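So, here's a batch of structures to check.
Presented sequentially are two complexes of subunit A, the first with subunit B as partner and the second with subunit C.
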Partner chain A sequence: MSPETKKINIPLNRAEGDLEIKVDVTDGIITDAWSCGTMYRGFEAMMTGRGPLDGLVITPRICGICSLTHLNAAAVALDRIAQVTLPDNAIRLRNVALMAETIQSDLRQAVLMYMADFTNHKAYHRHVLFKEAVARYQILAGSSVVEVIRKTKRLIEIIAIIGGQWPHTSFMVPGGVTSIPYVPKLMQCRLIFDRFLAWYEKKVLGCSIARWQAVTTKKELAQWLEERPEHRDSEVGFFVRFAQKAGLDFCGRGDDHFLCFGNFPLPKETAVTPRVPGAGLLTTPGFARGTDCRALDAANIKEDSTCSWFEQKPAASHPYDSITRPYASGNMGKPYSWVKAPRYDGLAAETGPLAEAVMDRVPLFQDLIKETGATALVRQLARITRPARLLPDMGTWIDELLAHHADPFYTPVKTIPDGQGAGMIQAARGALGHWVTIENSKISNYQVITPTAWNGSPRDGQMQPGPWETALKGTRVKDLQNPVEAGHVIRSFDPCMVCAVHIVKNEK
Partner chain B sequence: MKNKIICIGSRLVETDKAGPAVYDRLCRKKIPAQTDLVEGGIAGLNLLCHLEQAKIVVFVDAVSGFTRPGQMILLTGQQVQAACPKPVYDHSAGIAYLLAVLPRVCHGPLPEDIFLVGIEGRCDSITLDRAADAALTLTRKNPVV
Partner chain C sequence: MKTVYWLQGGGCGGDTYSLLSSDFLDVSTLFTTLDLKLLWHPSLSGIDSATHNRLLTDIASGTTPLDILMVEGSVIFGPAGTGMFDTFRGRAKKELCHTLAGRARYVVAVGTCASFGGFGTDHETEATGLQFKKDKKGGALGKDFVSGSGMPVINLAGCPCHHDVIAGALMAVAGGIPLELDRFQRPIEWYNTMVHQGCTRNEYHEYRVEESDFGEMGCLFFHMGCAGPLVPGPCNKLLWNRHSSKPRAGVPCFGCTSPDFPKSNQFFHTPNIEGIPLDLPKGVNRAHYMVYKGMAAEAAPERLKKRSAKV
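Moving on, here comes the complex of A and B:
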């Protein structure tokens, strides 16, 4: 008798209300998966016909967690159209604020969202580290939960100081920034940064950043864990120990296609050097198969809407040529998501901190990809240790702002001419692009591809699944009523489908 | 120390734009001294900094299941927490999570009082005006001296 296949919906109640994952399970193993974005956002339609600068105010509302990143993508697209060269201080100020947002997002995702699943009693009450996981990550009360909220709350004060307004700061504009922080404010940023850095090294890494960066292979990671109790007890150490015993080093295997748009343009005069020599950005844009990294060719980016509830085009198209018109009918057959299927050179590609680490040729992650490939553990390890790669350069740029505070922060841009420009950056969750066309002084087309559109895409015209649809296949689910393993896989991509409705609901 | 009126929601989402609509009305009114009017948007946990060093905090937000559609309701912070007993952190974490975590992470004294001016369902301009007035009244009754 052939084994029975069951179709189940994976509840992601603590991830995203607007995401449904449907899977086929045979003999306790996921054999197929479908990712359904259930909400039409419509930002592209909102933008059409508006003034060129409106994207600076509207698109940051796409996301409540990474609104600054959307602001930056919108500003960069307009910088390109206006063909303006930014002053070094504007670049430094934008970079410092973006780094603060990225780092807070990484740590909140890791501790408040991801590791919260380690307290799942039904799944892990027999795990040798379960009691300690509860002490650390219990919702609202865990020691690490409270500490991460306290520390990240302080870190994002840097954005408030730089932007002069919080939330919904709009300090990035074509040509640079609108706010010039005075020296005492920059010194305040430096103080916040120093305290955060000291806490990150002590509690999250359990060692100095220099010591962590000396971990370059899977074998050295094991040696680092054994080296000192501080390493084992740190958030990174505890995560690795728990995750290995829970089997996260074997689940969530992707197809090892990685996409990174790169981020943090380098000022002309700076002590910060790019991760890969020759790049004009700190982090490296590109596409990789395994660890075979290639330069990014933006012309290879296409959107496919075969399985999406949008007006169909005969072929996948570049974002400049894309349209986003919702169309749903009961007779369409294939569509099952409000998310399009972006593809790079015809391939589905995962994006996020791991893709960034691969493109930046970080030795530890290159070795892990060679040893195990992308797994839930590797993706999550890349995320929680990304601040170790960003913090030193963030400190350098704050110091350079202090040293050069009298220099310009803005290059005047009188009008935005007609033209096309793309703001392609690496957001906390991965590759983010805003493709903007201005005609007759109005926005005639505005296309946004978010990191979650890459990671959570549905199938395309070739019926190739999206990255986390692929990653779910082969995942063993011990209890169909409590499919925590599938949650580990999806959350390792840090999905962000919603960020829109925050109504206070009476749950009684 | 200041009083805070924090209007929550997304002005781009029909079911969530009541808070920003009240914010727009409040922008046209005289705000009491020592009171900050904040467009809180969808910032969630990132609003914590506005709750520190505050005397009275008045949130204005869309609600669901508290009163009849089209009506305004005034709730205390305790009533909000009682109605949402198990708030969790996610990308749509709202006031309930903020209030639950506040005592554990607040730097300095907690606010003396927290209120929510809730707006249920689609409201007409009269109800939105009433919500704006209610937020102002709460801060006027509790001036910072």
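Moving on, here comes the complex of A and C:
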């Protein structure tokens, strides 16, 4: 008798929006997967015909957790169109705020969204670390949960000091920033930063950032775990121990194509050095197969809507040329998602903190990719340790702001000329692009491709699955009623469906 | 113990992330302190989908009482009234919204999208608020809707809604403390003063020392599109994330508590006649205002004209 294939639907919450996964399971192993964004919001359609600066107000509202990164992408696109050079202080202020947003997102995702699944009683009550997992990660009650809520809330105060509020401020504008924080405000930022850093080292890493950065291989990671109880009991240490026992180091294998747009432009005068020399950005743009990193060529980015509920175009197109209209055809035929399928040079590519670490040649992650390839464990490890890679430079920029506080924060931009500009940056979840066209002093075209569109894309015209559809294949699901393993795989990409599901604009 | 169900529709999750900054009480202790059981929140809950399905069946049948329904995001009706742009397990989510609202003792719209439709009201998504579509009463639940308590939908406007307002409103409905609502059903405790009130740029406003480009240090009302004197909200009274507000950081108020947010005219620009804004502070007479502002500008002290006062 041939093995029976069962089709199951897995609605996934804690995914910032609506996501349903359909999988085929044969003998307890996922053999095929379809990722379905179940909501269409049509943000780009709202942009057409509006004032040139309106993207600064509207696009942050695409997403409540990465609202600043949308603002940043919108502002960068306009900087390009206006061909304006930003003063150093504006660059520093934007970078500091963006880093704060990215860091809060990484920690909230890890502890509130990801590790919460370790408290799944049905799946893990026999896991040797289950009781401790519950004590740490119980929804709204675990000790780590309570700490992360309190500490990230404090970190976000830096964004409020710089930009007025979080989420949904618009303090980045073409030419720089609107706010000129005076010395006491910047000193407050420094104080908040210092306290956060001390907590991150003590509780999340269990060691100094310098010690963590000395972990450069899979073998050294094992040694680090053994070295001290503080390492084992930290969030990172506990995560690795639980995840290894749960088999997360073997599940969620992707095809190891990584995409990054790079981020954090360097001021002309700064002590911060780029991860890889030459780019003028702190983190590196590029595309990699395994650890073979290549320069980014934006012309290679195309969107395909074969399997999305949109009117079909004969071929995949660059975002400047995309023409898309929602076309709900129900469950008949190929389409199954409100997310389109962006491809790089025709390939599905994953993006996020792991892709960033690979592109930045972080030794530990280059080694892990060579040893195991991208897995759920490796992706999550890259995410929860990313703050260790950002915090030192964030502190340097706060100090530089204090030292240069009397210098300009804004270069006047009288009017936004007609033209095209792209804001391609690295958001918390990965590569984010805004492609903007201004005609007759109005927005004539606004196209957004979000990180989750890359990671959670459906199949394309070649029937090539999206990254997390690929990563689901081969995953063992022990209990079809409680498919927690599929959740581990999808969540390792940090899905943000509110962002992904409106990747469309109206035809003019 | 009272129960809370948090439904997300067409939204960005921003109100949830605002609530995570609640200082009134941490989110972790807010619900327990108020003796509330959070049955479901899309970003915070841990129950599996089968348990969630049973919960929805039990609420719909009345077996599990629902005291407070919090709705974040708009109710999506597109395309063509079907609601299929936002589905929940294959069905339009608006149907779930109706079912739950019909069972709840209190229905609270969290944020401008849930209150008035917000983003997508004029577009193919056919977004609407729970009991309003922009300033027109009706919305998804209809103009005559009242929840089990006899109250209409309580609109916590704002994009996002201020964290302390969400926490405060929860406390009020959980404790049965009556909330008086304005004509757009916003509780007057938080929505009876203008955003302008408490702004650190008020002295610049008073003497009409204006900003005409970013970072000039002046009032943002006359040229930069600030709606602070036009719309109600507690931004400069309660402050955001314990520290600030957009106007304090040089970002004009975009009027996000207003039923017509987002307006179709461009942001960062004040439509005006001879330098006086078309929209004047709520309730002000144009002739009087022009005389007053002319004199105020004449009376402006040097230190403000030099823009030396930091905000």
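Just so we're on the same page, the second predicted complex is superposed on the first by the 489 of 508 C-alpha atoms of A that agree within 3 Å, B and C clash if a C-alpha of one lies under 4 Å from a C-alpha of the other, contacts with A are read in each partner's own complex, and residues count from 1 in each chain.
In this section, contacts are C-beta pairs under 8 Å (C-beta built on N, C-alpha and C of every residue); 3 or more make two chains touch, one makes a residue touch a chain.
Computed from a predicted structure; not experimentally measured.
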### Query
Just subunit B (first), just subunit C (second), both, or neither: which does A:53 touch?
second
### Query
So, A:326: does it touch subunit B (first), subunit C (second), both, or neither?
second
### Message
By residue count, which of the two partners contacts subunit A more extensively, subunit B or subunit C?
### Response
C
### Task
State whether A:113 touches subunit B only (first), subunit C only (second), both chains, or neither.
both
### Message
Quick one: is A:10 in contact with subunit B, with subunit C, with both, or with neither? Answer first, second, both or neither.
### Response
second
### Task
Check whether A:169 is in contact with subunit B, with subunit C, with both or with neither, and answer first, second, both or neither.
second
### Task
Once the structures are superposed on A, label A:178 by its partner contacts, choosing first (subunit B), second (subunit C), both or neither.
second
### Partner chain(s) touched by A:197 [first = subunit B, second = subunit C, both, neither]
neither
### Task
Considering only touches as defined above, state whether A:20 meets subunit B (first), subunit C (second), both or neither.
second
### Overlapping contact positions on subunit A, where the subunit C interface meets the subunit B interface
13-14, 16-17, 43, 46, 58, 61, 63-65, 67, 108, 112-113, 116, 139-141, 146, 149-150, 153, 156-157, 160, 166-168, 498, 506
### Query
In their complex, what parts of subunit A are in touch with subunit B?
13-17, 43, 46, 58, 61, 63-65, 67, 108, 112-113, 116, 139-141, 146, 149-150, 153, 156-157, 160, 166-168, 496-508
### Task
Can you check the complex and tell me which residues of subunit C touch subunit A?
8, 10-18, 20-21, 23, 26-28, 31-32, 38, 42-46, 48-50, 52, 76, 78-79, 84-90, 119-120, 122-125, 159-160, 213-215, 217, 235, 240-251, 254, 256, 262, 264-269, 310
### Query
In their shared complex, at which residues does subunit B touch subunit A?
8-13, 15-16, 39-49, 61-66, 80, 82-96, 100-101, 104-105, 107, 116, 118
### Query
How about subunit A: which of its residues touch subunit C in the complex?
9-11, 13-14, 16-18, 20, 38-43, 45-46, 50-54, 56-58, 61-65, 67, 108, 112-113, 116-117, 119-120, 122, 139-141, 145-146, 149-150, 152-153, 156-157, 159-171, 173, 175-180, 182, 188, 326, 328, 331, 338, 409-410, 412, 481-482, 498, 506
